[in-house]
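Pasting a structure below so you can have a look.
Letters A, B, C, D and E mark the chains in the order given here, with residues in each chain numbered from 1 onward.
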């Protein structure tokens, strides 16, 4: 079997990662330096080096575990892993891809609910105004996350320090922003 | 076309393909007897003009073969040959000369079986293509032209 | 008029079972210029060879074709027979009827036809063969060994013991190399100095070895057997013959704060110094860069105290010109230092040291007389972390290869530490343990099982300092990348082995290839690991890639055998199958037009420039010239030359052209 | 040469203090810059987590607007926005097909020619040369310079400071009289995007950063990123609750520190808006 | 082209060069080469659309070399020829003054080889547009049609070797066609031998041709032989990503290699 034939038969997650973000999981030799430097590794169900290893197996069961993991949502994109990786593997880009894939396949880990709720609220906020409306964001997030009591004491303090607008900033190009959102929705 | 026996000439390097063909012999692997081998020290030595001369002298097919990249006895002769064949092939294609009649291959001293395979596939292909009539006609016509000019 | 003799061999029945040898002999016999054609059962047998010898005389043959087995088998046999029969051996060719015909085809007319063609090709070729004489090159039986580490020492002694002269040059003031810096050696833990020092002394005392320390190669010209080498003997600023090596000057020198190279910067030395107590030669040199006299123009205390008046401040560098027959390159390696590692603090933490520094700490003759102490405060480290693969296998840092020796010396370091600090804890962060070698893996197991060194599989992300301790952050990848944080007193980096400084420069002077990492390149990775692509120059030790002592020593002895083999002859004879650039009468001199594209295809740097001058001495033409000492006869230049000014003996344009024509024309 | 500024959303809201100090410095040093007209949010972490194309399109619109208005150099005080803009510029430069696609999405021309400066680069280039003569109150404090993630990583793309133990902010601080301490947490992550959604993680990570600075005797943590600031300052009570501590070390923007050194009032540079009281003046 | 004349005059007057190679008006619609040694005659120099010949061919001619240090009016193909000739050690960079002419016909200030290299690198180095179409058309034909096309064209060849004489890169003092041991190329003109000659010529120019088209212009019977070398220019760029004549230190494609050179036909 030639290499090219082999490639066309692959439909693993690792292959998708290669195709979409040019990150080659096979480059990883499991030194663990990414996990060692990752600020949230101890919160993760699968530290970054484990995600790499599971991708390498190209087994459907492992691909599934990755897409359903909490880890991919806990990655804060601090880029420490990439900056120290001896093989220069772009784990942050890979994580972005895995998150998007996890969502598109509806495999999001339930524990990541709040994180995604926040991201969605954030994008909702700018979708209609063009800029972030922080108060709106907080209220929308509370609605989405059903986390009504959190930060209840923060908002008044922010307002008293002039750090929270009561009304949103709406840009002139908001229609264009809406179109951008529409065209890029996947 | 059943009695057509193609003439195939093989230009090979001494260290890999010639030795590989020796191994085909010591392994008693049988292959088509249409091939005639010409030995060179290295593929780097093979002048592209010789390939044209082979066709001009009636060859229906040609094999050019040497050491695999990185295995050249002289370190880099085959790399230079490779570039030469790339250019040659493109030029031949552009002039409409049938490159299906030339097989380029890497056959190492350990690849006795591959040598037999290279010869057999080439001979089979040339058998299908038939004699290189257009080239032979060109040569014959040219002889006539010369006679006319004189 | 050519008179060719053709001898068809039956090879028992190997050929005659499928090829009609009689018909071949008969058909060939009718060809133009074939004076004699015959067949015989075994051409390679004595009677067969006699047949050839007699026919040469009887039929006044000008060329011989033996149609038998592969020339790769018996060409030397038949060429020798021809020579004995009075014919130049290069007027003999073989037609391969066995491997290329009888063994690979069925018995039929086509096979016999092919056999006839095969013989015909060689007949046409041999008509155009020329009588060639083997190339003879005289051999200067003096070897030069560059580098005085263990590889150079071994090679020099082995060559010297075969009775040949050796010039050893070493750029530092003493021979000994990295091995002299080591404490104990794996896997036996015997003391490095104890096994090395006697060999160093032997070099100094050997009647066949001339040692030049503080010397470097300036230039190399010529070719195998005939190199002309210039070396620069840097001024030591003293008369070595007068100096007794008493060392008084070194104790009185007021400049004492120069980082000691031998101690890897962990100790200080004066400006006039002997690198280490066992140095060979045991004579000081003045480091002019740091000497007060050379900087400020006054001091001269060494001169005042010297009991034998040996100091020579105005001594110049000396250039020596040497005739050398073979060269062994044994320039060794270097390691990356802690400042190479941003994530481990760019070298700013005193207690993060490299492997060679640890060797000095562990050495009984080192700055701490063998006690493992923190460089920062002289305390005994209670927790020590060894980080393997520091820089090696790290493409991001430009070093993709494995440095090979680190796994073993890290195990040794951890062991030595545990032997000296019994209550201490030693951790090794590793990725893989590469301990192939005799008794090597057993050694690593001992470190783990008997000395309780804690091996953790994972790479350290960062090390930083807090409250005088080093915080080492890693993971245990065998526990699902569980975080590991060790509060260490000292960290030892098993840093990558890299090419020695100046390796590239030297390789260029020697015209020897080197790889992307500036390590010297061998001629063939498997079958010519000691040779370089320049004939007569050999490699020994870690200048080729990081190597441990046994490997370096083995290769050094191998290189010595190569040299001794070369020196076993007074002249080198080579097959004259080399390329030649034609020469014509002035004013043309050659049809070569001097584009020198051949120079860039030649793998052997065999193509030189030849200037032709007119009567006024002005250069009127520059053309290519093949150095037949270097040419290996690949012929790539021949096929490239547009004006057909280069040809190759044995495979000339005329010959190969005739073969093509012969092959296909009707007969 | 026309200079533009892209403040980003935070600077109009939760990081107004930062905004005020940037503009105060610009005023004090006679530096002019035009806000990129009608700028939009860069999309921040949310966009690149959920939608790659969107995460490129939003910053690309900002850069396209800058080009349209002839702004050759854009100052981006927010480290997060800075990172998104540079990464986008780089990504589109590498991939012409993607560039065309983004142009389509934007319905605007985009070339990626504007030079993007982060706040330290801006200070280095335009303030440092005229700084000495303006200093009236040297900032004589021990400071822990905290760079966070996005100012230095990915270093090969940003091409700004070294990723380990960066120095640019330390140098700026020492120029106004401060004593930057050795601080290994310089580039550790504060929790960034989890500011709202995972305050526990933010408290944990930011707590370590604050603890080490206090432990090493710093008088202030200096930052150049509104996200880092909000995590270390606004979230201080959560942090103290999480670690059961009473950390009081103030968190000061690098621009605020310079402002104080050249004699601007603490109101002027926005110090009064901080949650953790800044007893430095 | 006053600036060109002024510059040429100046060079000759202050003896920086002994000869200026340029163009002058001739009896036909095409300008002819001029070899100006007298500053007073610099006024006859012209540069306009009539000036098409690649003057670099004269740089290696002994009779021109004998005149002394040269200045040469150089359009892009001439500059690239000069680069090739320097890299192949046929001329020396310091023995020649380049009077560069830009694409719009104005005089360039080419102070040295570096400047020339900078100019070349900025220029479009592919085959000229007018030939690209022809090449594309030929490539669209079937192999048999191409074979027929070239047989027809090459049957016209009279072996006058004008293509060789016009080419700045064909500077060998002895050409392969003059070798008779063995006789690589038949002396007489016939279609097959003509084809062998043109293949030889194209191969010898592979990686060295700078797309000036001079060979085709020179052919008295109108064989588009420049298309052969230009096709290889495209292929060299395609396979090895280089154009000839861009640097004085460049080695030709066929005398160098990369271990990872890609091809798809060697089995």
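Note that a contact is a pair of C-beta atoms (placed from the backbone, for glycine too) under 8 Å apart; a residue touches a chain by one contact, two chains touch by 3 or more.
No experiment lies behind these values; they were computed from the predicted model shown.
**Q** In the touch network of chains, how many steps separate chain C from chain D on the shortest route?
**A** Between chain C and chain D, the shortest chain-hopping route counts 1.
**Q** Any idea which two chains share the most contacting C-beta pairs?
**A** Greatest number of C-beta pairs in contact occurs for A-D.
**Q** Using only Cα atoms to place each chain's centre, name the chain farthest from chain D.
**A** So the chain farthest away from chain D turns out to be B.
**Q** In whole angstrom, how far does the Cα centroid of chain B sit from the Cα centroid of chain E?
**A** Computed value for the inter-centroid distance: 33 Å.
**Q** Roughly how far is chain D from chain E, centre to centre by C-alpha average, rounded to an integer in Å?
**A** 58
**Q** Any idea how many Å lie between the Cα centroids of chain B and chain C?
**A** Each chain reduced to its C-alpha mean, chain B and chain C end up 37 Å apart.
**Q** If you average the Cα atoms of chain C and of chain E to get two centres, how far apart are those centres in Å?
**A** Centre separation, chain C to chain E: 44 Å.
**Q** Quick check on chain A: which residues sit in contact with 2+ other chains?
**A** Where chain A meets two or more other chains at a single residue, that happens at 80.
**Q** What parts of chain E, by residue number, touch at least two of the other chains?
**A** 184, 254-256
**Q** Note the residues in chain B that touch 2 or more other chains, in rising order.
**A** In chain B, the residues touching two or more other chains are 48, 76, 80, 84.
**Q** Chain pairs in touch?
**A** Final set of chain pairs in contact is A-C, A-D, B-C, B-E, C-D, C-E.
**Q** Give the list of chain B residues in touch with chain E in this complex.
**A** Touch residues, chain B against chain E: 48-49, 52, 56, 69-70, 76, 79-80, 82-99, 103-106, 118, 134, 138-139, 141-143, 145-146, 149.
**Q** Going by the contact rule at the top, pick out the chain C residues touching chain A in the complex.
**A** 343, 389, 393-397, 431, 457-462, 473-477, 480-481, 483-484
**Q** For chain A, which residues count as touching chain D in their complex?
**A** 39-40, 43, 74, 76-80, 82-83, 92, 96-97, 99-100, 103, 114-120, 122-123, 125-126, 130-132, 134, 137-138, 141, 145, 150-151, 154, 157-158, 161-165, 169, 171-173, 176-177, 179-181, 183-186
**Q** Can you list the chain D residues touching chain C in their complex?
**A** 162-165, 182, 184, 212, 215
**Q** Can you list the residues on chain E that touch chain B in the complex?
**A** 138-139, 141, 143-151, 155, 184, 188-193, 195-196, 199-200, 202-203, 206-207, 228, 231-232, 235-236, 239-240, 253-259, 261, 263, 265-267
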